[in-house]
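Each structure below appears as structure tokens.
Each of the next two complexes has chain A plus one other chain: chain B in the first, chain C in the second.
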Partner chain A sequence: MTHPLARLVLAALLAAAGFLLPVLLGGSTLVYDTLVAIAIFAAMSYGLDVILSDLGEISLVHTAFFATGAYAAAILTVTYGFGAWTALAGAVLAALALALVLGAITLRTREFAFSLVTYAAAVVCMNVASNWDFLGGSDGIVGIPPLDLSVGPVELTAGRSPEFWPFAYALLLVTLYVVHRFRRSRLGQAALMVHMNPRLATMCGLDGNRIRLQVFLLSAVISAAAGWLYAFQRAYVGTDLFDTYFLVLMLTGVILAGRRILLGPLLGTALLLFQKSFASLGAYGDKLVLGVVLVAVLCLCPRGLASLWPRRRSAPAATGTATGEIGAASTRHA
Partner chain B sequence: MNVAQQLVNGVIIGHAYALVAVGWTLLLGAARLVNFGHGQMYMIGAFVAWWVMAATGLPYPAAVVAAVLLGAVLGAVMQRLFLRLTLSQDLVSLMIVTLGFGQALEGAAGLAFGPKPQTLASPFQAMSVHLGPVWFTVQDAILVVATILVFAGLSLALHRSWLGAAVRMVAEDPRLTALGGLRVSRIYMGIFAFEGAAVAFAAALVAPRTPILTSMGFDQVVMTFVVVVLGGIGSVLGSYVAGLGIGLFTALFGALVSPAYTTAAVFALLIAAMVLRPGALAASGSFAR
Partner chain C sequence: MPSRRSVLAGLAAAPLVPALARAAEPIKVGLIIPLSGGAGRQGQDVTHAVQGMAALINEGGGVLGRPVEILVRDDESTPAIGVAKANELAAAGVAVVLEGWNSPVTLAMQSVLARAGILDITMISKADAILASASNPLAIRLNSANVQDAAIIARYLGSKTKTARIVFVTENDAYGNGAQQGIEAEFKKANLDYTIAQTLKFPFPQTDFRVEVTSIRDAKPDYVISINANEGAGLPAFLQQYAQGQVGAPVICTVGTVGPSVIETTGKAANGLHSADIYFPQTEPFASNPENKRFVAQMQKQFKTEPDKFMALGAASLQVWAKAVEKAGSLDRKAVAGAIRGQEIPGTIFGTVRFEPNGQMQHRHFVFTVKDGKIVVES
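So, the complex of A and B:
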């Protein structure tokens, strides 16, 4: 595991196995639908994960970033007839613009003030989306064309779920790679220091507000990219994208396995969506399950399910880069 | 436009905002807990009152009492669940856990009460008072008077009673309070029960004005927390003033500019406050000072 090449091979094997997962699970439409949803919502959750785990703040506006990506994709393809790549660029730019504005406002707020303001921002975004005709008003935007990402002679199109899986999976892998690189990057390390020890960060010459803004921008782009793909998968966008359900799904996904674990949000989201697909209790029952799971995890083991296996987490602590140390420190700090 | 009528409406809505927010204000000031389940607790209060009237045929005042009692129980349950997180002041986890709690309440309410909109029928909603150019219902008058009484009572209790002193002490430093020989978890229990009872009371008084839905919690909580934040976090008097101010603002903005964008406008107000006075909104729960 310690050798970088061995690690790379292991990651590649995992990635390949993941890609074949729908076939291994029987390949029914329901399996494909569920796995596509998992891939997209997990990618969405990683946007929030970066804020929650690395900055230690709770952003409640990430449903709005997700919706921004979806709405940008819908407007650019339906209203203006652009292709999917342009829509992706539009989704990223729109999310960056929104994050820049919100980031500037929330830059100086911490803890609950930050959460409250981001929550209000999400509500206002929903308010605007349901009243502004340009965004489809309360009817939303229908008739988004099938995904077409063809480049030159390479044909890349997707209509139904089985054809959609490779794209959703690719998005998930890219997201995982970005988050992994981020945690090892200068920005990621700086973000952690700003979170853990703001004074030390200032003494090291880091500009805390600037780093917070950069991380905020990155997280917005991640969630918006997921929203962009979701718009094509569903062929419709509407104000239900702002539903608290998505927000709680993201938070639970991140919290369930444990903070600062790369595959954590993916596993958390997968557990929740498998329940929704294969053991559903109806819309209200699923809400109840989601809420109860979130409350139970935080009240019984606040550091996530992964903390129930102390041995695995303490073993790599000797090498000094254990997530356990950081996780413990983050709980103390928070 | 009848300006006097809009002002009256604003005063009524303002008192409604303030009354809905009062429990949260105390909770935030004393336990530094941001309760994102507040809106769902409001919804539960309204539905319990409705259910008591519809299922048992009891009169409206009895339904209000039932809602308040259940609200207090709900608050106490919350305190039991969150005690560990509250004591360790794990604010990030606390915020998320209240979101999950609200989500669970909404799911449970949907299962119990169904998806249909209902009306909490107060007999006082049908009685109206006409004073020159303005009119309002008796329900509105009761709401305003009750809000003033609750705020005055809370303010007196906090600053003039032994119990209030204990609550302010917990707000300052839970550990020191425990060293001083007080049972911190008991005091938290009281604060949480007050939050639950207060929001249920507010729901029972405010909900007859509009149809009620199990999904209304989300919309309900927005104005409340703008009130809490603008009032100065944890300040009781500040919440009252902020509630009244936002009530007047929404009434006039809705009538003069655009009812659809009222929420957005209130948020703009919040941003202005944050940019102009960021210090007042910093995370220093200082309601006792």
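So, the complex of A and C:
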């Protein structure tokens, strides 16, 4: 299916089917809870996916961007009484500011050093949040009001999971669209070239550090937007948002299906959370399953579960990039 | 679908349910507590206690003539998972949720439960914010508050010395920081001229305290105050490493953190430590309380164990809720909360209990020392 209109129709049909998924799965509150969590945590994971897949780096600081979005929402609504739209703008701006600072520090490093420095940055952020009263200190911030995105006479509010579903799903769709467009944009292509062939990128006149920073900023905004919505869903933010629970969820979500696959983080997150909600073996059993699955995927199919799927197309035609490898990778999500 | 635990609990209680109660549809009661990780053992004990109390209530005809069914969920000491489990229980149609070992998990869950219109009774978590949250105006807590605990620690230390060097070893979270602030405030209130030689903060899951022990030794304190709610792993590890470090200064553990399981896990290293608590099954006034005797006997019969404070709080939470429902004649959240908050409830494991208007249960504290692996109550 290559005609743009046909692809658009297919995407619209898939989006509509996705929206009806809770009803198709029985419409129980548990189904809504699980799907809302999947949508929010998948959106969170796309922030990391952009860094991992397109810059080739493992960022361990993305929990901080997720938390930044949540904290911004909490402070602006609880402390200052602003609405959810202002909180969203605040979450984006706060994440951009933090990403600018952290990016300037961490993006000078590569690979292992990058991961280590981003981990250290996440620890610093967590300690700041734990000890700064403005951020609620170790108590966190309670009493976040229900989500209210009403515009004029159009009432858009949500308190419980079934009411949250349209918003979580919309956030997911917007995130998917942004990531899709990013990978087809000049920035996305440039990022891939900087990652795959930095010398060629330099020869082409690309400023590697600037491109990496731009991608870092984009990824921070994606994770922060997820954190913003999560704060309204949970009605409480605390330092647990920096916990390894969220980091492991993000990393596993991205790695499980495979890198640079548009639906990869969504499928990975969905697999993890469905197992936890509907086929849980208890905390120890779930962790065992997660560990075994991760080891199996990394050892047997390091490019993710999607690599087991027979590919119908070989490397496509040139995409305007300089290497066939870059071209192949950049179109796999299409 | 009911969990395996709830099915087993139901089966265990079934023979005890009178015919009338058995015929009626059960009232579902949610229980969210860590069943794994550092607090897993204590969480399982609390689960047994709640199930034991459910059996006693069902034996007595249930609540409003209906049997009680306990649905148990593991929050894994993680707020995000606690929220997921709270949503799961709300979907299962529970009338009340008994929850709370870790304060951050309780804080995360209480808004979700309030939005779902489900009464939420905090059994153990101690952060002050739990009762102050605008998102849960009907909060109820059975465990003693930080401020109550702080006063007893200050009073005990004040009876020993008026000037001293103190080191705090404090869990860096809502509970730990709140507890330390409370104790320091009580020192000031009692005009105790104490020097805080050092405050060592650590994350809840920490089990390696060798660096902290070295720092304590260097600080040369007269007393060490340990604020560590990780009774399953962190606190025993600290006490063992502290004993190995031969620092010498007496350790005072904050109220309610030293139960029999901690002493058993810690072994000889627990000897000499001081703490205080609110419940001792074999000490007056509990020993002669018929409700407590019935509960202790049930725990012996059903689980072959003697209850500790945490178990008593778990069981009492269910008992208080059941009595409030009977008094209100309804399962309505507001009506039941109104029958507890600011009210006196007789005939519980703790005797006649009184709740403050903000939902906090009042307590009497008992100071104790661990000697030869046994708790010796001083006052």
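The rule is short, and it goes like this: the second predicted complex is superposed on the first by the 304 of 334 C-alpha atoms of A that agree within 3 Å, B and C clash if a C-alpha of one lies under 4 Å from a C-alpha of the other, contacts with A are read in each partner's own complex, and residues count from 1 in each chain.
Convention: a contact is a pair of C-beta atoms (placed from the backbone, for glycine too) under 8 Å apart; a residue touches a chain by one contact, two chains touch by 3 or more.
Just so we're clear, the structure is a prediction, and the values are computed from it rather than from any experiment.
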{"item": "Fit-or-clash call for chain B and chain C when the two complexes are aligned on chain A", "value": "clash"}
{"item": "Touched partner set for A:138, first chain B, second chain C, both or neither", "value": "second"}
{"item": "Touching partner for A:148 - first (chain B), second (chain C), both, neither", "value": "neither"}
{"item": "First (chain B), second (chain C), both or neither touched by A:116", "value": "first"}
{"item": "Which superposed partner A:284 touches (first chain B, second chain C, both, neither)", "value": "both"}
{"item": "If touched residues of chain A are counted for chain B and for chain C, the larger one", "value": "B"}
{"item": "Single chain C stretch clashing with chain B - from 220-228, 238-246 or 328-336", "value": "238-246"}
{"item": "Common interface residues of chain A - those touching chain B in one complex and chain C in the other", "value": "131, 245, 282-284"}
{"item": "Residues of chain C touching chain A in the complex", "value": "35-37, 40, 74, 76, 78-81, 83-84, 87-88, 90-91, 103-104, 107-108, 110-112, 115-116, 127-129, 133-135, 172-174, 176-178"}
{"item": "Complex contacts: residues of chain A adjacent to chain B", "value": "52, 56-58, 60, 105, 108-113, 115-117, 119-121, 123-124, 127-128, 131, 244-245, 247-248, 251-252, 255, 282-295, 298-299, 302, 331, 334"}
{"item": "Of all residues in chain B, those that touch chain A in their complex", "value": "28, 32, 34, 36, 81-82, 84-85, 90-93, 95-97, 99-111, 218-219, 222, 225-226, 228-229, 233, 260-261, 263-264, 267, 270-271, 274-275, 278, 281-283"}
{"item": "Partner chain C, residues of chain A touching it in the complex", "value": "28-30, 33, 37, 130-131, 137-140, 142-144, 146, 159-161, 234-236, 238-240, 243, 245-246, 276-277, 282-284"}
